[in-house]
Structures are given as C-alpha cells and as structure tokens.
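Read through the structure below, which is laid out as structure tokens, and then see the notes.
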Amino acid sequence: MEHHLVLRVIAKFIIPMILLFAFYVQFHGDYGPGGGFQAGVIFAAGFILHALIFGLDHTRKVLPPVVLRVTGALGLLLYLGTGLAGILLGGNYLDYNVFAADPISGQHLGILLIEMGVGITVASVMLSLFYIFAQP
Amino acid sequence: MNKIPHALSLGISLALLWLLLSGHYTVLLLALGLGSVLLVVYLGRRMDVIDHEGHPIHLKFKPTLFYWVWLLKEIIIANIDVSRRILSLRSDISPTVVKVKSSQKTTVGRVIYANSITLTPGTVSMSIDDDLILVHALSAEGAAALDEGKMDRHISMIEEDY
Amino acid sequence: MNHVVDILSWSCLLAGAFFLLIGVIGLLRFPDFFTRLHAASVIETLGSLLIVTGLALQAEQALVIVKLILLIVFIMFTSPTAAHALAKAALHGKLEPVTSTEDNN
Amino acid sequence: METLINIILLTFLAIIAIAITRIRHLLVTVVLTGMFSLLSASLLVSMDAVDVAFTEAAVGAGISTLLFLSVLALTSTEELAGNRKFSSIAFILVSITGAILIYGTLDIPKFGDPSAPVHHHIAERFIYESPDEIGVPNMVTSVLASYRGYDTLGETTVILTAGIGVLLLLGRGKQDKETD
Amino acid sequence: MFAAAMIAILLAMFMSLCRALLGPTLYDRLLAVNVLGTITVLFIAVFGFLTGRPEFLDIGLAYALINFIATIAVLKFFEYRDMGRATEEELDI
C-alpha cells in the first residue's frame, strides 16, 4: 500500500532543509557565492521534490499557481519599487546610498531588497514553468 | 496526532542549521534567519511534511548515537570487504537476492533499516513490502550476515514504544 | 602536534582517493547493474567520508569544518535514497539481477 | 595545475558533447546532459567563476533535467531517424567556418591575461572602489546588484516575461480545465 | 597531497564517464551520473582547499542536497511517463 516508503520519509526529512538552504543562499549572497537567482532555483527545487513524491495536485494546493503569478510580478515590483524609492529619497534610480545615513548600510539594504525581488520572481517563474510542463 | 511538538522541534533544528551555516551573527541576519525558519515551518506544515516520519523525535537519543557509531564501524568493514572483492583477480562475487525480515514497528524504523542496508556497501535494499525488505547482496556471505539480524535488532532498540 | 594532524589528514586523503578509485574500477568491472550499485556505494560512503575528513583536518576556520560535516551528513542521507530508488526502479523495469544461486525466493 | 584541470575537464565536456549528438535515445541524452552540467559546474569552479558555478549547480541539478523530462513526456523519447548520410559540401562548409573561427581567436587576448582591454575599462574601478563604496565582501554581488543594477533589473524582467510567454503558450487549455 | 586527491578525482570522473557512455542500460548511466554527482561534490571541496580558498563549499552543499532530485525525476518518468502523479498510488512492484 505505501510503496515508495524510503523516498517519502527521506523527502519529508530533506525538503525543509532544502527550503532553509535556499533562504540561506538568498541572504548570504553578500558574503559568499549565491544570491537571488540561485536561491530562487533551489527553493523551486524543494517544491519540485515535493511534487515528485507527493503528487502535483498536493503541491498545487500548498502553493497555488495563481499565487505564483502574483508573487512573480511582486518580485519584479519590489525591484522596481526599490529603484523608485531611490528617486523619492532624493537620489537617482537604483541608487541605494540614500537609504540610510551612511552609504555602506544604504547599499547593504538596497542589495538585500533587490536580491529578494530577484529571488521571489525566479522561484515563482521556475515553479510556474514546472507546473505547466508537469501537468498531465 | 498532535503535530505541535514536531513543528517545534523542526523549528529548533532548522534554527540550529541556520546558525551553523551562517557564520554571520548580526542582528539583521539573525532576524532574517528567524523569519526564514518560521516561513519554512509554515510551508512544511502546509506541505504535510512535518510529522513523526519527517521529523522523528520519538527515537531515543542515546541508542541513536550509539547506532551511528556502530553503523560507521560496519560501513568501514563492509567497504574493505567489497574493495577486496573488486580487486580480486577472478571476480570473487556471488550475487544473491534475499528477503530480510524487519522487526521495526514504525515506518521510520524501516526506512532507517533500509537505508542502513544500502549505506553498507555489499548490500542494497531494493524494495520494502510490509515487514520484508528485498535485498540484493554482492556475496552470499554478506546476505547471510544480514540475515542474522544484528542490524535489525540495533535499529529496533532505538525505537521508542509508542 | 601539527605534524600529527598533517600526517593524519594526508593519510585520510590518500585512503579516500584509493577507495574512490576502487569504487570506479568496480563500477567498470562488475558484470551487471545491481553489482555495480555496490561499487558505487564504496565511493559514496568511505571514499567521500575519508576525503572530507582529510579536508576537515586541514581546515582553519570552524565554519569550514561545520560545512564539511554537513556535506557528509547530506551525502549520507541522499545517496542511499537515490541508490534505493535506482534499484527499485530497475527491478520494476524488469531488469533481472544476475544471481549465483537459483533458489532465491 | 589549474590549467591542467581545465584542459582535462574541457576534454570530458567534449567527449560528452559528441556522445550527445550521436545518441538517438532522448532519455539517455537527458541523462548525459545532466552529466555535462555537473562537469561544467566543476569547470566553472576551477575557472574561479564561483557564482556562475553555483547557478549551474542549482539549475542543472534542480530544474533543467526536470524540464527536459517534462518535454519528453509531452512528445516522444526517440529522435526521428533523419538523413545521416555524409555530405561532403556540408563537411567542407563546416571545416571552413571552424577554421575562420579558430583564426579569429588568435586575436583574442590570452586566457586570463591581465593586460587585456576588458580588464582596463571599468573593472579596475569596480574592484578597487567596491570595498569602500559598497562594503560587500562578495564583489560579484556588488557589481551585479549595485553597479550593474539596471542589467539585473533587465534580466529579472526577461525571466518574468519568458515565464509569462510559456504560460500563455502552454497554459491556455489547462487553465480552462482548472476552473471547471 | 590535495593534488593527489585531485588526480584521483579526475580519474574517477573519467571512469564514471566511461560507464555512462558504455551503458548498457539506462539505469547504469543513471548510476554513473549519480556517482559523478558525488565526485563533483568532492571535486569542489578539494579544489577549494587546493587553491587555499575553502569558501566554495556552499556549492557542494547545494549539490549534496538537490542532486538526487534529477535521479528521482528520471526514474519517475521511466515508471509513469509523467511528472505530476503522486508516487504512492498504483505501483505494482
């Protein structure tokens, strides 16, 4: 009755780790290799593993395609908004120096925000692509 | 079944994983880490991956640690045995398929057993059918050693009765 | 003290390289898929374990050692799973294991 | 040592590339493509392009095989037996083109040459000023996200548009089924 | 000494490549890719130490975590011809 027992149990064990590793890559792009793009793909890979083991229908309930379409656009909007915020705070478009009192922490914040935007968009687009292709 | 303890324990272990990976302990990154852990636990609950299978907190701690050490010893012995068979000029193998009985009561115990079998070179678990594990062994001796059930008893020991 | 650690790590690295090569020799030499699985698990267990241990003994930062340990733990969880899945699928795909004994069911 | 490793890895890549073109069974091709991705990630690591190697690792292991397989599930696993006759005209044409391309590489600066023009345009400023201006240890991130922020914005837009394009092409019929 | 390990790793890469090209079955090739995945993780780790910058380990971790997804996907495709179905139903082993 329960056939792929080993796969199921190991997947349950490893999926949270993959997702957390994705977040780690997302937020440590400043210090080591990695960043939004890689993190988005790893995050999507965690959900893909879930879809492979527990079925696409279940995964689509966890993260519906509609939500993905919204978040995909939201990620890009976050990027664009970060740029606009630079203008509103008296700098140039995508100029992060004005985000904080000193340029270094401003740059840090700006990079964090746009990497987050990239990560959200990439993860959403990759998962949407997988949903579309994998649907029987 | 109550899943709160599992979620809590998963959150703690994920937080530990974050701290081990990160190496940067500023307020910003710790806050981001906390947010990430909470988000992953939330997603895990939605994905139905947080339960006694995905996060076996019912296993006894000390026997588990002891079992890892024992397994390491077994892995080294098995590796040397398989290496000898690979290098022997006339291939010294006698592939055998056997069914091994597993006395574990929970699925996690069975999975640990099956993966331990696979992890020791010379034996590979091919499928699990209720309490029988189909094993492919490189040599008849390896299959016989597995049939004695020493590993099986070790794993049954780390299962808490529940 | 330093020399002891160095010698230990070098012997770990060399032994790991040795088992790595034995594993791939087995991968090439063994007659059928199921026996090759055993050769592959030599690489995935002792080969990688020894090499990672050898590297960890040479590491200077604690963070690097931690990451090496995590690396080997992840390998120990995923590689038998993949091997099991492969064996199961091969069995399902009507690949008959070559056995030396006849009465095996 | 590193040059040697690069050459060896490139040879492996070439071997796999040739095998991929020769093999008809598309599942085998997908498997070999996975192997190609692993080796090219190694090559990128040894060429010091760590961030690119990371991308290759994540995409190659997590996504690309899956997408290939999903496409195979929609089509077929066997390549059609096309015209495989040896054509001398094509051979000569390919040889000439290849020779011209190789001739063209003679003018390119040597691999890793520090006096190459590309290293004297703006890269120097990025490398020397980045610790003071951006303060982020990983210089790739500071170039990618700050100095070249517009580029990355464009890339993200491209990803989103590509995704929308695929969804529009493939998602139509399925959308209806979903709402039923 | 890292160089010796590196040579062994490159040799092992080559030999698993041979197994992937020789086949004969798809499973053999998959096994070879799996082994190559492990060897790649080791390559990345050893290379970092060889050049004195062991900060590449994140890539190795990523591989160690997600490399088996591709294997499972191929196997699933082989059994069902379809990526989306749950693995727990109707499998007659």
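Note that the chains take the letters A, B, C, D and E in the order they are written out, and that residue 1 is the start of every chain.
Heads up, the rule we're going with is that a contact is a pair of C-beta atoms (placed from the backbone, for glycine too) under 8 Å apart; a residue touches a chain by one contact, two chains touch by 3 or more.
Treat the numbers as computed from the prediction; the structure is a model and nothing was measured.
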Treat touching chains as neighbours and tell me the shortest step distance from chain C to chain D. 2
Compared with chain B, which chain's mean CA position is the farthest off? D
Two candidates, B-C and A-C; the one with more touching C-beta pairs is B-C
Just by CA atoms, which chain is the most central one? E
What whole-number Å value describes the gap between the mean CA coordinates of chain A and chain C? 33
So how far apart, in whole Å, are chain D and chain E when each is placed at the average of its C-alpha atoms? 19
Round to the nearest whole Å and give the separation of the Cα centres of chain C and chain E. 12
Multi-chain contact sites of chain A, meaning residues that touch two or more partners: 2-4, 6-8, 10, 13-14, 17, 21, 25, 28, 31-34, 38, 42, 45, 48, 54, 58, 130, 133-135
Residue numbers in chain C touching 2 or more other chains? 23, 25, 37, 67, 70, 74, 77-79, 81, 83-85, 88, 91
Could you list which residues of chain B touch at least two other chains? 17, 21, 23, 114-115, 125, 127
Note which residues of chain E are touching chain C in the complex, please. 1-2, 4-5, 7-9, 11-12, 15-16, 18-19, 25, 27-28, 30-32, 34-35, 38-39, 41-42, 45-46, 49, 54-55, 57-58, 60-61, 64-65, 67-68, 71-72, 75, 78-79, 91, 93
So, in the complex, the side of chain B touching chain A is made of residues 10, 14, 17-18, 21-24, 29, 32-33, 36-37, 39-41, 43-44, 46-51, 53-55, 107-108, 110-111, 114-115, 125, 127-128
Applying the document's contact rule, which stretches of chain C touch chain E when the two form their complex? 9-10, 13-14, 16-18, 20-21, 23-25, 27-28, 33, 36-37, 40, 43-44, 47-48, 51-52, 54-55, 58-59, 61, 64, 67-68, 70-71, 74-75, 78-79, 81-83, 85-86, 88-93, 95
Chain A residues touching chain E - in the complex, by the definition given at the top: 2-4, 7-8, 14, 17-18, 21, 25, 28, 32-34, 38, 42, 45-46, 48-49, 51-58, 130, 133-136
The answer for chain E against chain A in the complex is residues 55-56, 58-59, 61-62, 65-66, 69, 72-73, 76, 82-88, 91, 93
